[in-house]
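Please go over the structures that come below.
Below, chain A partners chain B and then partners chain C, in two separate complexes.
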Partner chain A sequence: MLVLITYDVNTQTKDGSRRLRKVAKACENVGQRVQNSVFECLLEPAQWVELKDKLLNLADMEKDSLRFYYLGKNWQRRIEHFGSKPSYDPEGPLIV
Partner chain B sequence: MLVLITYDVNTQTKDGSRRLRKVAKACENVGQRVQNSVFECLLEPAQWVELKDKLLNLADMEKDSLRFYYLGKNWQRRIEHFGSKPSYDPEGPLIV
Partner chain C sequence: MKRMLNTLFVTTQGAYLSKKGDTVLVNIDREVKLRVPIHTLSQITCFGQISMSPFLMGLCGEKGVSVSFLTENGRFLARVNGPVSGNVLLRKAQFEFQQKNGKTSKLAGKFVTAKIANYRAVLQRALRDNPENKSDELNKASKYMKSSAFVALESESLDIIRGIEGEAARTYFSVFDHLILCQKEDFKFTSRSKRPPLDKINAMLSFAYTLLVNDVRSALESVGLDPAVGFLHSLRPGRPSLALDIMEELRPIFGDRLILSLINRKQITSSGFKKTESGAVEMNEETRKLLINAYQKRKQDEIIHPFTKEKIKFGLLPHLQAMLLARFLRAEMEDYPPYFWK
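So, the complex of A and B:
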């Protein structure tokens, strides 16, 4: 299943910058960054449970915003990309 | 249908900042900003054709990135939100 993760982390404090780095790192480990704070993660359900738990613990629920979009199995037909940073294939090699 | 729009507009130039404002404005007119550069737009197909055309003309395809995610009719079960900026109901009043 493909899960799209978008986040806004409040970086007005040093702690915020640290949270941002950690949230991004957790997503990068298992998914592809497609835009600044937008990740596409092709995951098994168990992997998602783990990542979600990690993200909810890393973020500050008072200051940060996490949004998860469940695109399911037929995600290819749900996504269109235009412009720079050419699209990639989530099922292809992880580009890090 | 619900279309999720995420964008990265390169603002290194004055023209980039202008493009960013216009892209955001075009999305704000018909949708809800849920995060910094993330909009959820509940639209009729004809409205989407118009918005998409507008966005593709506003953005610079060499420098900016536009991603469209088609969440379909049963979008409610595809979205989860945690943290600040409490979720809103795309079918509710447009909060501007």
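So, the complex of A and C:
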């Protein structure tokens, strides 16, 4: 399934910047950065549970926010992209 | 059922692959062209001058991603594998089965029967789509396939089975030219030639078969079978005999049909090839990418497996057949059911 993850991390403090880096790193390890603070992750349900737990632990719920959108199995028809920085299709042919 | 994971093909010369966190970075001219999380991949296949960091190789080994290096034209060079996976007992059963003379021929007969039946399916399909096209010769060949498939199933001797296979393949390729409906002048097929391929169709067939043997080999390894210990193909150092065995049933579908569609739909034209001084015909980079693309798309198509009745993606077929074979070798199943295409 594909999960869209977006986040807002408050970076007013040094600790905030640290959290932002950690959240971004966790997302980059499993998914594709499609815009700033927006990630698309193709995951198995078990992997998702793990990632979600990790993210919720990293973020500070008082100051930051996380939003998860579940796009399911047929995510291809739910996404349209316009403009620069086109993304790759993780299930399509990958040839570079 | 296992989820089908993607394969990363790297064809850009001079590319450098490295590890960053749990992702694979593809650098071209010191610029990151692609970043893919490793958990979406099952294979990385590199063509030509591609380099890779040892840390990425380590990550691939740990995550069970098989890495192969091929020349630009698809000749196998090397492979990087992690720790041996699977069960020793299964491997032992495989070796013991291989030793038993009478039994191997039965299994070999299954592979050959399925291959010939799938050849016939290709011919039948051409007859159905184009009834007026040289149907006499195709009909004759198709009938021949039917009878020899039955003979292969009944035969007890490995030599006879190999003979039947050779004869059936010869008959099939003698009418293969009739299956090409468009661009007939540019794509003429006379006979199968390899190492090196002497015409465009042979170049494409050989390339598609290399992609397939890579997939089958990885599937066997992930199930825990030894790809080198085959039943139909004789054992030779460095030869993935079992992968070649399993591949026989899949050749007509993943190789022949795919190439025929590409030519008949005019997706590939004769300008995408070049001839070297030695007479070998090679594809240019664009054609190669087109073929890989079509091959990968084919793997996404869904089928219902005739034996397990499961709906699976085509690309999982090598894995499923490997699993069925493993079950048979462990004596959990009476017989190995090869794949018959419809």
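Everything that follows uses one rule, which is that the second predicted complex is superposed on the first by the 91 of 96 C-alpha atoms of A that agree within 3 Å, B and C clash if a C-alpha of one lies under 4 Å from a C-alpha of the other, contacts with A are read in each partner's own complex, and residues count from 1 in each chain.
The rule is short, and it goes like this: contacts are C-beta pairs under 8 Å (C-beta built on N, C-alpha and C of every residue); 3 or more make two chains touch, one makes a residue touch a chain.
Here the structure is a predicted model, which is why all the values come from computation and not from measurement.
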In the overlay, answer first, second, both or neither for which of chain B and chain C A:31 touches.
second
Comparing the two partners chain B and chain C, which touches a greater set of residues in chain A:
B
After lining up the shared chain so the two structures overlap, which partner does A:80 touch, if you call chain B first and chain C second: first, second, both or neither?
first
Of the partners chain B and chain C, which touch A:44 in the superposed model: first, second, both, neither?
second
Could you tell me which stretches of chain A are touched by chain B in one complex and by chain C in the other?
none
Quick one: which bits of chain B touch chain A in the complex? Just the residue numbers, please.
4, 6-8, 10, 34-38, 56, 59-72, 77-85
Quick one: in the complex, what on chain A touches chain C?
25, 28-33, 41-44, 47, 88, 90-96
Which of the residues in chain C come into contact with chain A in the complex?
3, 6-12, 15, 21-23, 26, 28, 33-37, 39-40, 289, 292-293, 296-297, 300
